[in-house]
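What follows is a structure written as structure tokens; I'll ask about it next.
Letters are used for the chains, namely A, B, C, D, E and F, taken in the order the chains are written, and counting of residues starts over at 1 for each.
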């Protein structure tokens, strides 16, 4: 512990930015259902949708010193990912830290703990995905690490990986797989656009996808309602 | 398992629709405090208030195939109720399924599990009451049931029962009792409207309801504050 | 049990009101990190920010009779704090009670339980901080207490103490310490305003606060990223 | 509400008793994975394993009057199932009630709420499956129902249904299906006994069940470990 | 903050010790259903039942320094009550601290956080009531308070108050009320002993307590079961 | 996905086994407070204490097929670590699987989900650390991975890493650091043995560790109790 890794390799900038065109659910499916943070992590206000390379911060319990240390490791477009080393509801992050991160070009933050100054962060439009609102401040006593692999809300995040976050939650895409997963997300989105139009026109998924036969093969039966059913 | 019940009898259409004039809390009181789903079920965006007959779907863990099967059983005005057979935070439902349900006239969905595509569902205005936002998709491997009685968030829901849902949560009204409960909800609302006016005018509930005597009989005492009280 | 304490001494009116200029997080820090209610307590709608003296209500499980009793003990500017004597998710409070409280000048309510009529309370703009939305009503059978010390969401609240509530949660300031803590909150806010400007200008917290030396003393090391780091 | 149903039809006595030879997990599988109560319900002490017909009790919030009412509806071998009409952690049940139930021959109790007198219940060996230990007593003010269908820990229980409970939790078997499910449980147990012996002898499940081919067909690949894998 | 209060007045020794003859549920009822800690607090092993005066410790988040400071304030028969100032699952307390407390005659500990060394504490028989097992250690960086009033698991505990703890949980009795509540606990226990014998003899609670009439007055009806009931 | 990594390198056998002489709390401290799984993971019965190299299994939601696949990758002394790719309370593991694992010499299992057959596993003495008891079985439909890095209860586990588990929970030690951490654990245990003897003899930690001065420097004050303190 006690290491700041500098000059990390980030996912390609254009690729990392392009993920924001796709929802977290789409990206998650596109990469084979992996990398999704736990549903305990939610946006502090609705409507934000961002993507970018991760700068990771491992913080000791109830201590946010390392977030201050991480600021100068950030570049425009980055998303900071903060993982306490033990369960915590404390509010490690607030509007002042957002101000300094924004001055470096950081576009958002993900934290497996609490967030404070919700009203101010909403007003200035700095999106945070957190476990809860919590005004419980933290101390600056113990060191941790910046840009080491961390586990955040159940997912491994390496520095430079792509973070995608929207109202559904947060998904992590490995740096080396980012271009491939972006292409797969685009392809999935295009397929879904076709389905969407057919659905709007009143077609049924079980017809479009020819599911009637496999359903019958599994034993599905259609019966008529009778009063004593209920 | 593996049954789709067709041609269910629904609560009277006019009655089912009229419930949307009354809040979930009012309907719950009007029917003697029963039928309320657990407070873990919340709307994915604020402000929706709907009522209609239930089409019920019992789904296996992490499998949403039966929601697709249920689509053609739906009629305009229906509300789909999805109950997994075991605890789950997965996102069984998203915007594509909402599109196909809406094409059938379905006005909303209640699910004792997660919901994905929150931003899109908010944009198109398809209200969902769910346990959490979750981008965790599901598979289509195992069959379940449509229009059988299900337990959703702690309440028994029979196909054709009336669902009422607003920002407070979700309440179920039995099909056969719907007309009676609607009348009682209306009566309750009217009584409350009278109380509301008297409250606004500054009258006190304990005077209006003549509670001073019973309170005293229970032993309630009024004393003056003293510094050492605190 | 069964006591209504009248004519409580409230925190100074001007002081109590002035706290609404400062966020809950700021006040909590200013008084040495105490008095913060658990992060399970959240506003029913975003954007409210109030402060005022507490009128406290201790209610039996699933019984809201004492909130009715408390109404006539309230004065303009008060905030009602409701603490059930055992864990509860029930909806003890709704729009009708808000109407009668508002008629007395009460500006908001904090409850360690559920709240109902969320949509109506949002519409009329009566802010409530609660554990959850719950349409589960309560009875009026058993007496409790008004204006005795209560424990609400983990914090002791004495009648007349100052309550400050915003989107971050709720903090309690002891009546006797209110003027002192208000001054400290103001001072803290002013210091933070200076930091904010320097952060906006691109200065780093670890430079402003001369943290590089103590960090090195704790053993913090800077290393360059290498492919096999990840 | 307010109904006591007498002279219910119970599942066949021999059948109901015989279920205690099979674990909850086995019975749950044997009936097609339905009827399992939520894993929030656990035994108050380890090692009990019982089965018997359900006497159901629907209780108002924090009120255990109806459990007293239910006593005279019980017969030897019965299991009492208590379902509060709203979420509760209160301790509705303790050693005195166990004494009166045992005098009627009741062999255990399931409750979707708290249980008190854990030490005494352990000493006298009256098993209870509950949500938590809680010394929070309840009142006797409001009536509920006995022997109506209830929802307990997410499952519908009808009076006379078979309850099976062990260290894994609680499963409900419908009265009319009991004999069939008992036979299926026995058959399953016998199949598992064969597998157990083969497993003990060192055979592998993927060989016994000829899974190597379907696994390969799904795309499973075997590779050798390399240092940089980790 | 930062105060150690010495020479506190404890509840009378004989009274404090005598409470261990009565269960937590009995004491809680005897004092009018107040003082019960939340059911999230449980014994780390079953079977312990203790009572004694509280030495209170308010600890900063993830910091157990003040428990060490508290040791010399303890006397034989004391029970230490530890309340973190914010939510925490960390393991503030383990076998080494138990060893030094036991050397002072302390008989047990209550903590609204985690406990470590469960196996060793079980072996040496030092009972702890805690929120969870947690090996997550804490630091010794920040001061707190000893023997000030604290809120622990939702209850106010003043130094010298009586703590009673068994398998059901923990209840607090105010020092000044201890003798009175002890007498009431004894009286309650004696009444229950009478009921117990009558229950064992097969009498019913609704007969003993003459409840048939009030139940009928509330509207309770007895009906016979019919097949279509279920 | 869909990879089984064979012939993994395990931590040195003697080292891996020797960790069982040290508690989870000791090992966690010895390696600088990292690697501890969340306190939601607990033993299914008290008293087990094991250590050994990890065989890791990544399982799809509600599907335990890959545990069967993992069996033949196990060696005597191994501990199997199972991580579902999304949150689950299902019972992926039971006594039959334990039988086949034991036939390979596996000494225990850690799973971030539910476990069934608790009574049987207790009887045969196969220890499992799990999130809950759950009889909810799983399917065998979808493939996952064996011996890839997984995140289990918030911690990254690589195949071959050392798992240490006791009544306090589970800690992971990286394979390459195992010998070093074992030595540090031993050293820590020896230091604690010395403290234990001094504590037993009545010495105080604040004297042994010369804390009186630093405490005073932080501002700690000793005052005498006064009646109005409470």
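Observations on the model:
Throughout what follows, contacts are C-beta pairs under 8 Å (C-beta built on N, C-alpha and C of every residue); 3 or more make two chains touch, one makes a residue touch a chain.
Remember, it's a predicted structure, so these values are computed and weren't measured experimentally.
Comparing the centres of all chains, each the average of its CA atoms, the largest separation from chain A belongs to E.
At the interface between chain B and chain D, two copies of one sequence, more than half of the residue numbers in use appear on both sides, so the contact is built from largely the same positions.
Mean C-alpha positions place chain A and chain B at a centre distance of 30 Å.
If you average the Cα atoms of chain A and of chain D, the two centres end up 39 Å apart. In chain E, 33, 36, 39, 86-87, 89, 136, 142, 149 are the positions where the chain touches two or more neighbouring chains simultaneously. Every pair of chains that touch is listed here: A-B, A-C, A-E, A-F, B-C, B-D, B-F, C-D, C-E, D-E, D-F, E-F.
Of all the residues in chain E, the ones that touch chain F in their complex are 2-9, 45, 65, 68-69, 71-72, 89, 91, 94, 96-97, 99-100, 103-104, 114, 116-120, 122, 132-137, 140, 142-143, 147-149, 158-160, 175.
Against chain F, the residues of chain B that register as touching in their complex are 61-62, 86-90, 136, 138-139, 141-142, 228.
Of all residues in chain F, only 23-25, 28-29, 33, 36, 39, 42, 46-47, 49, 166-169, 171, 192, 195-196, 199-206, 209, 211, 215, 218-225, 227, 229-230 touch chain E in the complex they form. Taken together, the chain C residues at the contact with chain E in this complex read 1, 32-34, 36, 38-39, 60, 85-87, 149, 151, 154-156.
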